[in-house]
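These notes open a run of structures that come right after.
Okay, so chain A shows up in both of these, paired with chain B first and chain C after.
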Partner chain A sequence: MATSVPDPSQKHQRREHGLMLALVSPALLVILLLIVLPVGWLAWQSIYHDGFTLENYRRVFTEDIYWRSFALTFEISLAVTLIALLLGYPVAYLANSLPKGWSILILSLVVLPFWTSVLVRAYAWLALLQRTGVINQFLRYLDVISEPLALAHNTFGTVVATVHILLPFMVLPLYATMQKIPGDLMQAGASLGASPSLTFCRVFLPLSLPGVLAGCTMVFVLCLGFYITPELLGGGRTVMVSMLVSRNVELYNQFGAASAVAVVLLLSVLAIFFVVSRFISLDRVLGQK
Partner chain B sequence: MTRISLARIALYVISTLVLVYLILPVLIIAPISFSSARFLTFPPPSFSTRWYQQYFSNSAWMQATRVTLTVAFLTVVIATPLGVAAAYAISQSKLRIMRVIHMALLLPLVVPIIITAVGIFFVYAKVGLVATMPGLVLANVMLGLPYVVISVLAGLQSFDPAQEMVARSLGMNRLRSFFAVTLPQIKSSVVAGGIFAFISAMDETIVALFISGGQYQPLTKRMFTALRDEIDPTIAAISTLMTAASFMLVLLASTRQKKGG
Partner chain C sequence: MTMRQHFGLGCALLGAIGFGTAACAAEQITFVSQGGAYQAAQTVAILDPAAKKLGITINQDSIPDAWPAIKTQVGSGKPIWDVVDTPTGNCLRGGEQGLIEKLDFSKIPNGAAMPEAYRSPYSVSYEFYSSVLAYSQKTFPKDAPNSWVDFWDVKKFPGRRALRNHPFATLEAALMADGVAPDKLYPLDVDRAFRKLEEIKPHITVWWTSGAQSAQLLNDGEVDMEMAWNGRVSAVAKEGAKVSFTYNQGILQSTSLCILKGAPNLGTAIKFLNEAVDPVHQANLPLQIDYGPGNPKAFETNVIKPERAAQLPSEPANAAKQALMSYAWWSSPAGEAAEKRWASFMQK
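Up next is the complex of A and B:
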């Protein structure tokens, strides 16, 4: 990593340390001023308003609207994570089992939407799902339905669009983990007389679990803070925590309450990362991008 | 034997459907943007470029486009050198604290963006940076830094620092040896990191919703506001252009990375 020849002079070493700190400090300053300070400010504002107060937290934990929003957010995140796992696992498995050219093609298709703006994709789903949208028009054109289905402006639309946006975060860690499973293990299982489904359940699936955990963590955590899709596809009825924060700021000027909600959300995210880091390296979760 | 192939067929079918689900929404925008209809109709009545004309002739959309491009450009110009310097120090230094600093630089990826956005809004409100260009650029530099750091760190991993030592022992100073020996070898990851920072700034919406205003509103904020009110195919035209730009940039980044191999 560092200089390969150990330097005897301590002075030189100190200069080296000074230089490295000087190099990293502009970037660190940006981070400190633009994310650490703002988040610290939020935390402070949530407990201080003309004196120390826990009123904001009392509201968050006792008032119905906050409770329901947190519950809904966790429910949606859980649903999105499970659906993403069910959809993502087969794709990662197929990409892993095919020759290199095909797996690159599949992974490119998975990553492609990733580089499209979240806003653009929310718009696309709106265009597909709304009452006068492509899907409803198509189904009416085929005479399958007479009345348009309510696909957007509800929780269903939110989940469909959110899974779409977060699926790459599931497939990539799954694929990375599957790549490390030696192929001969499956052959060994087969040669010992186990059926393919048995070797899959007993050998492949358990070995892929770290990838499952990494993917699920990332999807769940990202979903907890999602804003654009529920705002545009939820139709105002699916109030997730992020919308609670923004409404308290933009509509009601309740900065203290907004800050308290934000702090609880952030602590939930950090708690999840902390628990997961006990089982797998966080680099595994965050390293994918 | 038939059971194996059945499972295999099911795997292919499911995976294909999932891939269609992933790709279809990205592709559906383009035909909508070239349709002549005011509202979405299926099948599209006829080909037209009127939504593109509407976009290019509307001064508000053009102003927003200028803001987006300026912000994204300045973000790359500032975030790339900061990120490269930081990544270099993190990879070369033996200091313990570098691990903590490394984690701190990845914070923008960990903290839910809505929290970052509201926090920045509160701080900016105190110091008068709301609805200003510097405020918008600074926020995007912060959000883009992790991409540069991650990309450059990956590039430095395959670089042997002993090479730089050789250059220095031959009389080059540190700065020159970095530019002459190290930088050319990690050039592709630097370029890729810069491109990702550009895309991140171009697509950023949530922070802009809170801190941008007046004449300094980026495209995404105007699009978001427009989407809340009514769906206008002009947005499909803009989306198509943005998607095309992103894809070309990613393609550029990935070919550079391959060359750097």
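Up next is the complex of A and C:
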């Protein structure tokens, strides 16, 4: 009896799997070589320096400066996320409800700053916000103020510039989510006698919440690792976690002291993703599914 | 890449695959500095003339911060570099950690002739710069601040201020503001310095982190006075900004030359080290860039005109007004503790 006649469909499936693996393997290899290995190596250095040591972590968890920097970084990230949401939601709503031509224009305006480097944008904000900057000079010309306002070289300047840089990460997931909300639902609400504001609050807003969560997560997590903006606009007083990483390389002359800080930050980010994933699928946060 | 560097590379390659030929028998070293306009200036003033005089090939490399590379190269047991131009503190720390060769000054007569404060068992000063008090001439057309006491005096000299976000030179300035004489600073009274810094902290608008930032602050009128490196201030002034600085109570800092432990061309490296601090080569450096020679004898060569000399941080009369930074103190345990304390001071 022929027992080993191969099932042609199974063979086909195996071939397809093999092909898919071959297609993703370059990407996997790049991720492995350029991200997983170096990050793993750095993490290893944080616990191994002439023998196993937890000294680097003891420092992170016992010295004041680390705690203060982590607290400040989370505060700034929270502020940036909230402001980006307040600014981004109406933009996404408008892009969603206007005719196609307008929405393309709005979205391109949102994405346009992406083509300029973060460094250039930070300097541009400096030119706007500093004592002799455009805003202060304009306000003084109008006689609104007699003394220039302290807009740059502090946390305020850092938050403004960071919001500007991260706004697209809020608008795009919001827009993608709103696009999938069927317009009929709004009409159904209206036909049942609800005012536009009531349909918005009861129907549209709840349906857009996954987009809100996705956008907030992206902005918050990206903000946690900001470096150039606080460095240039923070006046030296706004010490975010990434700045501690670079400072520790200088101060302790070994990567372990710095990578311990980075590992703690990375774990915080993973924890945030874990919590968020309990509410919505991570696909929604990372890709716009 | 210049022809000379091509030649050196070719020789290295030939050597690597075992084709040592007569043409490649010429001695060579690998010299490392910090790149940019600074390394270009050295190449004209010191490196090319020294290579010619010694008949050696100097292969150049550059890196902004040599310290991690020194550690890795010597740690691997097979360093590639020979001579490094790096902040003096790195040479001292490297010497203590066994990463830098101890120098035999009997083979380095030019170095031996330099004042003791300008060299260490592991290094010789190569060039000087200074952390000075710079100010806007628009804000202070006359009666400008002229000392750290003035900088701390916010009533007599109102205006916005900036300091470097780093303890080097800043602690020294604080102590001078508190009345310590420039030649009596070390060992630094760290507690006293931080107490004095607390006083001025509310009046500091920006704690700058890069030289470019300090230049921008002064140029844009963001601050009325600040601590900055002399070369940065003079560059801004040359661009036409109304700014100036005083060497009074400046903090004189240096980079030094040192040789990696187990350097591949140790003998040639020592010969080069001696040649690099030759007074005439050294005198040529400030003709190219706003840094002072590491060897004070350069001022006796008549290569530097008196009016140019007067602008330089290490010119004897200017040097006398300043404090000479003690890298030995900064790389001591007390110095390292002070450096670590800086971050908590900034965040308070």
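By our rule, the second predicted complex is superposed on the first by the 253 of 289 C-alpha atoms of A that agree within 3 Å, B and C clash if a C-alpha of one lies under 4 Å from a C-alpha of the other, contacts with A are read in each partner's own complex, and residues count from 1 in each chain.
Criterion: a contact is a pair of C-beta atoms (placed from the backbone, for glycine too) under 8 Å apart; a residue touches a chain by one contact, two chains touch by 3 or more.
Just so you know, these numbers come straight off a predicted model, no measurement behind them.
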| item | value |
| --- | --- |
| Contacts of A:94 with chain B and chain C, given as first, second, both or neither | first |
| Touching partner for A:142 - first (chain B), second (chain C), both, neither | neither |
| Chain B versus chain C as contact partner of A:23, first or second or both or neither | first |
| First (chain B), second (chain C), both or neither touched by A:132 | both |
| Partner chain(s) touched by A:110 [first = chain B, second = chain C, both, neither] | first |
| Partner chain in contact with A:37 - chain B first, chain C second, else both or neither | first |
| Chain B or chain C, by number of chain A residues touched | B |
| Which superposed partner A:121 touches (first chain B, second chain C, both, neither) | first |
| Touching partner for A:232 - first (chain B), second (chain C), both, neither | both |
| Shared chain A surface residues [contacts with chain B and with chain C] | 130, 132, 231-232, 249 |
| Residues of chain A touching chain B in the complex | 1-5, 16-17, 19-21, 23-24, 26-28, 30-39, 41-42, 45, 87-88, 90-91, 93-94, 106, 109-110, 112-113, 115-128, 130, 132-134, 137-138, 141, 164, 167, 196-197, 221-222, 224-225, 227-228, 231-232, 242, 245-246, 249, 255, 258-259, 262, 265-266, 269, 273, 286, 289 |
| Chain A residues touching chain C - in the complex, by the definition given at the top | 63-65, 68-69, 130-132, 150, 153, 231-232, 235-237, 239, 244, 247, 249, 251, 253 |
| In the complex with chain A, residue positions of chain B that touch it | 3-4, 7, 11-12, 14-15, 18-19, 21-26, 28-29, 32, 39-43, 82-83, 85-86, 88-95, 98, 101, 104-116, 118-123, 138-139, 141-142, 145, 147, 149-150, 161-162, 165, 174, 199, 202-203, 205-206, 209-210, 220, 223-224, 227-228, 231, 235-236, 239, 242-243, 246-247, 249-250 |
| Complex contact set, residues of chain C against chain A | 67-68, 71, 160, 165, 205-209, 213, 220-222, 339-340, 343-344, 346-347 |
